[in-house]
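Each of the next two complexes has chain A plus one more chain, namely chain B in the first and chain C in the second.
On to the complex of A and B.
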């Protein structure tokens, strides 16, 4: 599955040092603390992490979908050489939905409830696919309206929706969760976007429906050349369908690596803890857990935000944020345990781990 | 819990099974009125639980797994007499509790408790943790304010929280801590049987592990019996001794946890297992899918409920309701073809030969 050309080709989406501040009653809260990642053409990148680590905020700030009042964004988001952070809302229009599409966790609530599915997809087809409408019109010698219907029908069948006529007349509440998510995928991929952001796209679905949706996303995106940022908290999905995995903790990506190396040789203590906590079939062992809980973002710990829970914490972890270290070309980790970079430290400091690894 | 330990528990379970069932369900049906006729009487029923037989043995953790809308939660609530059971019997320690009025149920209620999915929604935001726990304690005899304070602190200690947490409000806690408060509240009345209705589904992996481990410890220490309702099979294997698989209002299979994953007897169980994304990139595989949609519980399919989506279905499945085929004590499957499916472990997805398919189940 691994794309051999990932390291050589240009990334389609590049996020550099993305920082997001939210206002709160206790002052400004830094939700994202410098997120860096690149997405290569045709790749599926998993963004995994626990609740509140900033996965969804990352996704929304790429498309500038965050509430505008009081939220500060800094950093750079390059799509094809164009910095999306500098664009106004109006200038974002050609990007939103057209070049970067997004699907959300709860499919039924992300569909407008007062219009039928037909009305919504027809409008999108007229917006995005005017050339294709003309082509279909000429090919089949039908009216524009019929051509729109024809395209809608093709796109519905592409995502495995049957009984199209009835569906086009249905409202969001009349269809099941699996069907709604298929419909959302059909609309998201209408304009063959370069990037698809799937924000917990299958978390609300049953396992059997989930496996349908995962297969569908994978095959359609391979065919259309769309890259996916797959935001999930389920490490199983990351292992089964993604090419690379970025692990997020409290507003930062702590480790990025190809799927195989992150599961076989996780480097960051948080990644190690997370993997140990995943229930596995047939292991029969007691689950390991990470002691403590996620930090309060209004009053985050100094230095590495994981240090209060880290079993291998060192003195330097409490003082300064660890920089990204390269384990190899594709494996980056933000931890002082690796690499040579150690900030200026008081004398007598040793780099020996202070704690023991807890089982 | 180690594998050997679990096997030992299972062996003892089997012995106790016949005489020590704490809960016995016999043909339980819980139907809800779905549509009314012109007189205002129900004309159609939604059959959420439709003829369930299940024994829960003292000291075991029984898992109940199934897709959303299959009636898992309704079954859990039926056991606690919180849902309208229309027929069948629910025995608690051999005593019929279905159909009892509120006054007669009240002395039994402390023995049966429930923990819900969303801890935030199941804790009153206007009450402190102490008040929440006291509310449960005051229904037990002999608790004045001072004793309830001591007991509350003790309960928090059982779930690894500190006594100073007693005076805080639920919103001051994280999701995992809130769920532990819910568990403490359930433990307050010293129950024998607890229903966990998707109790860990809303939690993160690392927190989920904390709660699961706590549940397992409490079960051993306090000798509790659990019904663990979840849609997540992988977590089931960690906590449950036996697992019941539910589909469209019926139980399809009950098996020991390990046997269920190793050699599932029912085709639906097999799909559930194979649809699970395994957190190991070396075990990449085609995830199993089911054709079609979940059947309507108002007009359930004839015969075997699963036949509309089953790849092994034949005419028999459509016409006749499969009977319970006992595998061993307490473990059974409801499928016309389970012996055949068991015989060739690696099955090809093709309909069975008509001549071999008619095998009467015992």
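On to the complex of A and C.
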């Protein structure tokens, strides 16, 4: 596992207090309730959490891809010192794909079915890589068209796609899921973006294909210097693949730590529950159920949104939402069980964390 | 991937459908009430005259033999003789079809262009008053009865405003000064080909109200379908993925969205051709347009069965051919279609 020196380098992507409201039939629903995280150069950060907790909404709001009607976003998203939240949709466009790329869960449905793979990747190459096209043109003394084809060929080979000529003429429905995801990776990494957001990028694939794709993603991103926000349900994959893990619960990141610390000493009761529910790490098991219901976002519990399900709930948990606490420099948790200031006394529970050690 | 197997399958299918259609029309025609031979002779016929007519028309032979003969004739372009006018039906149809199709094709072509345009605009401005207005108008367009619309147009544009003629295809004086010469049978094309500009503008001017009456239904249908199909497409993963890769909104909408949304729209265009051809029956009568509708109406009133068979066969053929060509077009815009 790659260790990034998080204490020294500046983050490439810094998300601060990101809040998102959706309109709904029962009034406004706060989907994200202040999401905070940083992504450091070269690292892979896992974003894990139960379905509906807001992982995809977080990903989309970074690139301002949420539906335009009635959705409110607040907070800050810094890419290299520039606050993307302040940009208009048009001003956002040069960032999309070029500096922050995204791949989605179902590779086939995210390729346009009525154009060939060639038509689609050629357009992107012309859009992103005009300098490289010229360079290839001069180096090989070929036409612009041929240079675009040449670049496409190189990029296909880079992600392990062979028989390029045939693939360029194929449509999405004619290739397998694994090939489609390789193609999507090739297009996402065309311009060597600083950040890649992979939203369940391998969940739709079968296990062997999945592990090939993960290896590919890791080695390519390391080579190109791309950091990854890796959204997943699968704690096993998070453990194998990622340097740090951010655990999300109902619109908030409740715990962030290096992968080892999270798995060896999870602090937040929700994280502990998640890990206790996974019998063996790396077995490919998805997040199992924790007793209780996922909160209704239209009418969320007051205070800590986890309190109705929390085995260690205290009186104060129901009143105000717990602030983020530092366990150490790299380990943050949002829970009243930790921190200097005790805002309230436990109601018959111990204030000590029950360090659930998994294997 | 190749278009050839698809095309050959579609063309074979087309041939099968046409054969089935002709058989259907034949057997239906033999089960209509009324003594055909008596009608052929006309009123006050003697029994032996009727018998002779029966032999002449081949009606005394077994049904299967009649069918074989009918198919043989059909293949050589012989649809029989009109019982009323005693003229070959095929020739009549050849003359009337272009007159009707000219109006129908204009209506369909305009409905397609305008419908895709309005539907696209409504989707692009979803939820605004533009969208609401287009939705309302297109609902009105599909619900208004065609004869009512035709009469309304006459009332407004002839009676009140006097902008367009009430009826007919060309002014009477032009028929003498600049008569139309038949080349293709499509009067606009013919008048252009023969350099008869006076007739061209006059015919076009006469055509406006019939086309407007016919356009309403397909226009409303295509507009609504384009709008919903486009909105559906714009919410797909591949549009989100394309947007996430920084593709311009206008390209997303007009190049990707429309192209992806086109396939269901083309199906409806195919269906509209036949529906509009049927609708010309009313419109031609209201506007006194000398096309197939007028011809068919007189045939219906006098139970002129060879003409009715010919007209039915022709409408069926237009329907099948329109649908097949739309299927082929759909296959060209959407490679997933099997």
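Throughout what follows, the second predicted complex is superposed on the first by the 329 of 359 C-alpha atoms of A that agree within 3 Å, B and C clash if a C-alpha of one lies under 4 Å from a C-alpha of the other, contacts with A are read in each partner's own complex, and residues count from 1 in each chain.
By definition in this document, a residue touches a chain if its C-beta (ideal position, glycine included) is under 8 Å from a C-beta of that chain, and two chains touch if they have at least 3 such contacts.
Since we're looking at a predicted model, the values are computed, not measured.
Bringing the complexes onto one copy of chain A puts chain B beside chain C with no clash. Contacts of A:211 after superposition on the shared chain: chain B is touched, whereas chain C is not.
Set against each other, chain B and chain C differ in how many residues of chain A they touch, and the higher count belongs to B. In the superposition on chain A, A:123 makes contact with chain C only, while chain B stays out of contact range.
In the superposed model, A:110 lies in contact with chain C only, and not with chain B. When both complexes are overlaid on chain A, the residue A:169 reaches chain C alone and has no touch with chain B. Of the two partner chains, chain B is the only one touched by A:50; chain C is not.
When the two structures are aligned on their common chain, the gap between the nearest CA atoms of chain B and chain C comes to 11 Å. In the superposition on chain A, none of the residues of chain A is touched both by chain B in one structure and by chain C in the other. Interface residues of chain A facing chain C in the complex, by the touch rule stated above, are 63, 65, 69, 89, 93-98, 101-104, 106, 109-115, 123-124, 127, 169-174, 184, 187-188.
Contacts from chain B toward chain A in the complex involve residues 1-3, 6, 67-68, 174-177, 204-210, 212-213, 216, 231-235, 237-238, 258, 261-262, 271-273, 275-290, 293-294.
Listed in rising order, the residues of chain A touching chain B in the complex are 1, 50-51, 176, 178-179, 206-208, 210-212, 214-215, 233-241, 259-260, 263-264, 273-275, 277-282, 284-290, 293-294. Touching chain A in their complex are the following residues of chain C: 1, 126-127, 236-249, 256, 259-260, 333-336.
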